[in-house]
Amino acid sequence: MKIGILKETLDGERRVAITPNIAKQLIASGFELIVEEGAGEYSSFMDSDYKNVGVAVEKRAVIFHEAEVLLKINPFDEEDLKLVDKGQILISKLYHKSNPELIQAIANKGVSAFSMDAIPRISRAQDMDVLSSQNNLAGYKAVILGAFEMTKIFPLMMTSAGTIAPARVLIYGIGVAGLQAIATAKRLGAIVEATDIRSETKEQAESLGAKFISVDNEGEESEGGYAKEASADYLKRQKEAVNKSLFKADLVITTANIPGRKAPVLITEEQVMQMKNGAVIIDLAAAQGGNCEVSEINKTIVKNGVKVIGTSIDPRSVSTNASDLYAKNIYNYIIHLTEGTNFKWDLEEEITDETLIVQNGTIRKS
Amino acid sequence: MGILLNIIYLIATVTFVVGLKMLGHPETAKKGNLIAAAGMGLAIVGTIFVHEQQVSPIIYILIGAAILIGSIIGWLIAIKVEMTKMPELVSLFNGFGGASAALIGLVEYGKNVNNATQSTTIVSGIIIGAITFSGSLIAWGKLNGSLKSVVRIPYYNIINNITIIGIIIFAAFMVATGVDSQLVLYALLATGLIYGILFVLPIGGADMPVVISLLNSLTGIAAAITGILYNNMVMLVGGILVGSAGIILTVAMCKAMNRTLGSVIFGAFGGAAATAGENKALGSIKSTTASDAAIMMNYANNVVIVPGYGLAVAQAQHVIHELEELLTKRGVNVKYAIHPVAGRMPGHMNVLLAESNVEYNMLVEMEDINPQFSNTDIVLVVGANDVVNPAAHNNPASPIYGMPILDVENAKHIIVNKRSMNAGYAGIENELFYNTKTSMLFGDAKAALTDLVAEMKKIQ
Amino acid sequence: MNEFLEFIENNLQITYILILAIFVGVEVIKSIPAVLHTPLMSGANALSGVVIVGAILVMLHADPTDYIALSLGFVAVVLGVLNVVGGFAVTDRMLQMFKRKK
Amino acid sequence: MKIGILKETLDGERRVAITPNIAKQLIASGFELIVEEGAGEYSSFMDSDYKNVGVAVEKRAVIFHEAEVLLKINPFDEEDLKLVDKGQILISKLYHKSNPELIQAIANKGVSAFSMDAIPRISRAQDMDVLSSQNNLAGYKAVILGAFEMTKIFPLMMTSAGTIAPARVLIYGIGVAGLQAIATAKRLGAIVEATDIRSETKEQAESLGAKFISVDNEGEESEGGYAKEASADYLKRQKEAVNKSLFKADLVITTANIPGRKAPVLITEEQVMQMKNGAVIIDLAAAQGGNCEVSEINKTIVKNGVKVIGTSIDPRSVSTNASDLYAKNIYNYIIHLTEGTNFKWDLEEEITDETLIVQNGTIRKS
Amino acid sequence: MGILLNIIYLIATVTFVVGLKMLGHPETAKKGNLIAAAGMGLAIVGTIFVHEQQVSPIIYILIGAAILIGSIIGWLIAIKVEMTKMPELVSLFNGFGGASAALIGLVEYGKNVNNATQSTTIVSGIIIGAITFSGSLIAWGKLNGSLKSVVRIPYYNIINNITIIGIIIFAAFMVATGVDSQLVLYALLATGLIYGILFVLPIGGADMPVVISLLNSLTGIAAAITGILYNNMVMLVGGILVGSAGIILTVAMCKAMNRTLGSVIFGAFGGAAATAGENKALGSIKSTTASDAAIMMNYANNVVIVPGYGLAVAQAQHVIHELEELLTKRGVNVKYAIHPVAGRMPGHMNVLLAESNVEYNMLVEMEDINPQFSNTDIVLVVGANDVVNPAAHNNPASPIYGMPILDVENAKHIIVNKRSMNAGYAGIENELFYNTKTSMLFGDAKAALTDLVAEMKKIQ
Amino acid sequence: MNEFLEFIENNLQITYILILAIFVGVEVIKSIPAVLHTPLMSGANALSGVVIVGAILVMLHADPTDYIALSLGFVAVVLGVLNVVGGFAVTDRMLQMFKRKK
């Protein structure tokens, strides 16, 4: 079975779905691999690295034509679909719930499509869970980005030229990204506070040294570990509880998401206007509409001396590691889906069932 | 008694004290045991050969035969017995000691009926010896499983009280009247034996070590009483040493089990107190103390530490590092086994351990450590649960089925630290905790590990 | 009570010996690590076999024709030796686990 | 006495010599202060902040005209000198040893000039030591910049999607900047190695958790704590000792300086060609010619997949904290130089003597 | 002796054991002292009033007077003396005890010349009592400064040997011949007294506590010997207790000073051993032990920790945090004083302490902490030197003159941990170390603080 | 040597008492913190004043006309009491420093 690795075309994307290291493992498992020219370039993998492990490097059209399975990170787009042939298998993130047109387009092509973002958050699927692996790096990089953009440093320093107060970092959303952001900010010496709608996150935040800001709510927990949409009342009370910290914060990182929906607005423009001059907000939910009212994806907006940076939870900039992990996830996933080198199509099995969005032109999930 | 014998006894007494003292430290215990044994040998040999009266050869032959028979049997049993059967053996031996004391009393009684002090001594010796003997046998039976653990006797309290009253009446009668009746003598013996049985029968099997220690202390007192009878210092002092040390030891054992002596002995009667940590399906758990865990780890060659989310919750990263450093300094080979999803975020354990400056090369990935567990003496699991749950292998119905785990079961011994029997993230029972190789060290990780380190430092 | 006082009066030094021995026993044992509880119990058990000395004395003092005394004494010696020898041997085996490595 | 605070004109500079907080203290000590419009803008200090503490905000020309003492961070340049009047006192860094023309020009103006970079490194001058206060922040920011530019993360992470090896960071020069860089990289979880020509730095590096790479030299120590120029032989042996680490490094930070001279070249182009694809070099000595042959000041040059970023040791980007510390240094310095509000001109005193470069048009030091 | 008196003595003996035991733990020491004192009172009262022979009232009056005089003087001296003069007072009192024993011997000798055992006892009592008396007086004189610390006597060895031989000859003669000569008796007393003087004279003042402890042990033995003489159990057991405990204590004191008993007693004769840490200009330093430091800190109200470069070198940040947490838990108010240039880079201490998770609000800047030192019980300086060097204030010639420092001198007591007397970054002497309020705790910071923590844990 | 053996023979129980008391003294004292060395020494010193019992006995047994014995005894009692009372009082004062705060 021939697997084709496509170069990402999305603006700003620097990752690649399969790294040379993982390619080698797939080949060892019996698969044949071809990779698009320059696919790994921005993740510090050269075409020669792929060649060295036995992957053929080809032009884009050749990949689409020859591969039975096509791998990408970001959803296949119109341009991609033009080149797809009936019977091919597509694997990428699809966000099928929010992308019905795309799913329809894929179905129209008569192909099968698996979605990486639909992998259930169950224990045995953890090693295929791209959301975890990527959000984790995103949390780290958000802090680095914040530290880079700030005009202050993180740690407390008592020096002969005076004492520098430690930076105050506030984190909204204590999922995978939020936790790693807490850990990283804490390591650098900041005072870290964090808040989340799920009350079980309190202990988790504290286990990493952050102070948890409790919003006195009935703690409507989770649906399979995910947050439900917050009520207006909750959002109001959240603002009250957090404002004191927000207005003192030097760096704010927001990671709050509700799967399949627009991200909740947690910081209004009015709140931004009351923040400290020089503060920085990194909105990792900007792609889902943003947790901060002011943010726009891939833009830096300065409001009242506050820099609001809208970015996505995809850790594009740490592309080497991000590609490594993503590739490992896909590898585990492909091994799970196949027997020998053929797909099992075992629809009784939870992971396959949840992730197989389109089967031979038929939409299974929407 | 000649001066020589007295000096022999004096030396023996000193070896008893020194030996007992040395038995209290892991480093010297073995030597202490040998010293005490040597002293005992000296005392026995001295008693036989250094005396002034005339003794007929036949008696020497009898004594020699008795000693030979006892030594050979005792030695063989001790050498052959499995490690796990040792406590019951101790109980059996202790019973023999008690029996010996009672027999001495039986022989001596007739010769001393007219001396109140002497007969008091003898009567007490018989009673205590008899109780020890029958009680120890019951304890032995419970431990080796031939007796049901907790036996309920109808009208227990009434029978028990009658027996006690019986003992008192017989004893008082004998001392007061100086009656020289074999009947009364054996009646006393019998009530003593009955009381020993009644005493131990209702106590639960898990409490047997405490009971044995208590009975052992009683044997010591019986020996001391015999010492008074013969005005024999080595018996007196040796017996009292065992008696007082035994009481302290008994109390210490109760403490280590978080019980009081009273609750062990009398708690049983109420019949309530279902042992905590029993689980219908999985069996019972074994809990351990920081002190035990410290010694086990100190004398291990390979130790693997498995950190989990609980370590982070307790913020015990600095203490675990201290423990690891200490073990390394003692020549133990220590590693950390890092499960890929231990904690609540990818790399959680890495962040945590980096904070306390654990060397990166001490952290071993799951794939690399799993084959090494069979060669590991002790695994210390700290606040981890799901990542060491064998259900992932065994139980297809489990939500974690199929997840790779750390195969700590393969190690020779597993110590698990957590606060309670509560489940982890996945919310499921963990049969590892009920494994016979597992000891639970309950408590918040930071507190428990701090204790562990403190105990470890005491050892050397 | 009176007899007790009398005993003390008559055996003053024995009383001191008793009390001091109790102190020694207590001091020597307290604060030992829990893992030594069992070996220590076993060792103390072997020590309590010192009653064997009494058993030997019974036999030494016995009339060679007093068969009851002799046989009771014989059994007492056998049992006492069992306690002593077995006790020390078992203790020794238990303590194998404390061997220093290397 | 009226003190004028000028806005920095150097390209990329974001700091300001006096912050509102320190301005307040100077005013409390009896000085009168005027500040150029927008001087604190990039350090998150607004004109209103200055006004609030009693500083008059004026146009540039007014400052030059009215102030008796003129304060800047970077050396006064030709443009500035045009506006300077006889008798005025200038305080800034001057680098008089490497800038003889500038010093001549200042003297020609008939003014007096104190140089902040000439403050002796003696114990009681530590609170005026701008090199320490600024290099310290530079060391921190160099690591943040490196972390930002890298396509990898710093810490070791063992995750279900594979293990990410920790980044390897190599630091040249264990002065103030180098030490802080070690501390920061270490905090973030990197494996840190460092090297220096001064052998006493070994213990210092180790006290922060770095591994010291010893170059077997006779350890020609220091001149008042500074390094002497290294012999060619030393540089050769240094390369041999360090190369193994260099070729494995993900991030290299160079901070090696010899006061008053061109910075030593420690990494040649040939060495760069052998480094890992994706590695990053931050050359903090670029302004002094660079420790890396390839680097150019304020440029990012990619060679063989290695990003070489030439920057100066001035921590411009953490401008808020840097300005705070710099201002506190100047404050201590001014208080030291004056009695009441008048200059003491005590030339017997070491600090004054070393820093007064031009006195009333006469060059004292060169 | 009546049964009542015997029981009184028995009780007194038990109070001695228990009291001595309680004296070994800071928490119980005070109570232990009172218990032993009560037992002693009981024994005295019992001796006076509970006996069978007839005693004339005049003797009662005399005894009463003696006790009254002794009590009042003893009490007044004890109450009035300054804290720093207590050790010498102990020495004085101890000498009195010895004298008392010797006097008893003098009186009893004549009555017992014909009983070898008794006369041996008496002669030994006189010798030991005399040595203790004169030796203690010399020790007292040395401590209160009326005697030059080390006294060199010409032909010391010869004189010493002659004295010893003299004692042996007199004693042997008296026991062997049973001579009842006051002359010989007082000659024995005199040689004993001379030997006591010779014994203590050459030993250095710093070693006096060890000598006092040793002499104290001897007094105990003298009391025990007297006990044998009178077949008096309370004296016998009490004396032996003091004798054996005293020897152990003496050895422990030597250990705490890193000396052996031999080197204290005989080392002096060589005359070498100039005390380390003496400095011509600055005086001498006082070194302390982890155990002492732990107790001082444990019972303090306010402790300030001053970290310096040495803390970083030793990587002792985790241990110092453990210490701080422990102290806080014990109710001590702890802060860290951060000097702006402590360490080798700006913020060095901050990085270090952040690593071990020290709360930011426990760190106090120099300007804020300096006024608080006068209210601080103990400052613990760990690996800092220049930043606490008063030369910055006092010595215009010093390279650090004019640098602001942490004014730790203002605290009530300063404990400085470093490895040696080596200088810090500035390369200069630090007179703080020679301050009378300063104790040096030598050793690598990590090791020393680990010890400190261990000792601290022992306390409660 | 012979006399020593004889003493033991004659005073067997006293020998036991001696030995046991030595053990008790040793066990009770070992491993005490250094800061308690001085108070403990002082406390032990007070205890050694038990010799006062002997001094009192000297006086009680003395003939009221034996002035030498009486005066020596008197001095012995005074000195012994000094040792006892002063010793305990000083010890008590030394131990003031271990008062628990709050």
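First chain written, first letter: the chains are A, B, C, D, E and F, and each begins at residue 1.
What we mean here is this: contacts are C-beta pairs under 8 Å (C-beta built on N, C-alpha and C of every residue); 3 or more make two chains touch, one makes a residue touch a chain.
These figures come from a predicted structure and were not determined experimentally.
Note on connectivity: the fewest chain-to-chain touch steps from chain D to chain F number 2.
For the pair chain C and chain E, chains touching both partners: B, F.
Seen from the C-alpha centroid of chain F, the farthest chain centroid is that of A. Chain C and chain F touch with mostly matching residues; of the residue numbers seen at this interface, over half occur in both copies. Mean C-alpha position of chain C lies 33 Å from that of chain F. Mean C-alpha positions place chain D and chain E at a centre distance of 57 Å. Chain E and chain F have CA centres that are 18 Å apart. Contact with two or more other chains is made by residues 17, 21, 233, 237, 315, 340-341, 346-347, 351, 354-355, 357 of chain E. Within chain F, the positions touching two or more other chains are listed as 13-14, 16-17, 20-21, 23-24, 27-28. Within chain D, residues 126-127, 132-133, 136, 155, 157, 159-161, 164, 187, 189, 209 each touch two or more of the remaining chains.
A complete list of chain pairs in contact reads A-B, A-D, A-E, B-C, B-D, B-E, B-F, C-E, C-F, D-E, E-F.
Those residues of chain F that touch chain E in the shared complex are 3, 7, 10-11, 14, 17-18, 21-26, 28-30, 32-62, 64, 68-70, 72-95, 97-102.
Within the complex, the chain B residues that touch chain A are 309, 312-313, 315, 340-341, 343-348, 351, 354-355, 386, 392, 399-403, 426. Listed in rising order, the residues of chain E touching chain A in the complex are 338, 340-341, 346-347, 349-351, 354, 357, 360, 363, 365-366. Those residues of chain F that touch chain B in the shared complex are 5-6, 8-9, 12-13, 15-16, 19-20, 23, 27. Chain B makes touch with chain F in their complex at residues 3, 6-7, 10, 13-14, 17, 21, 233, 237.
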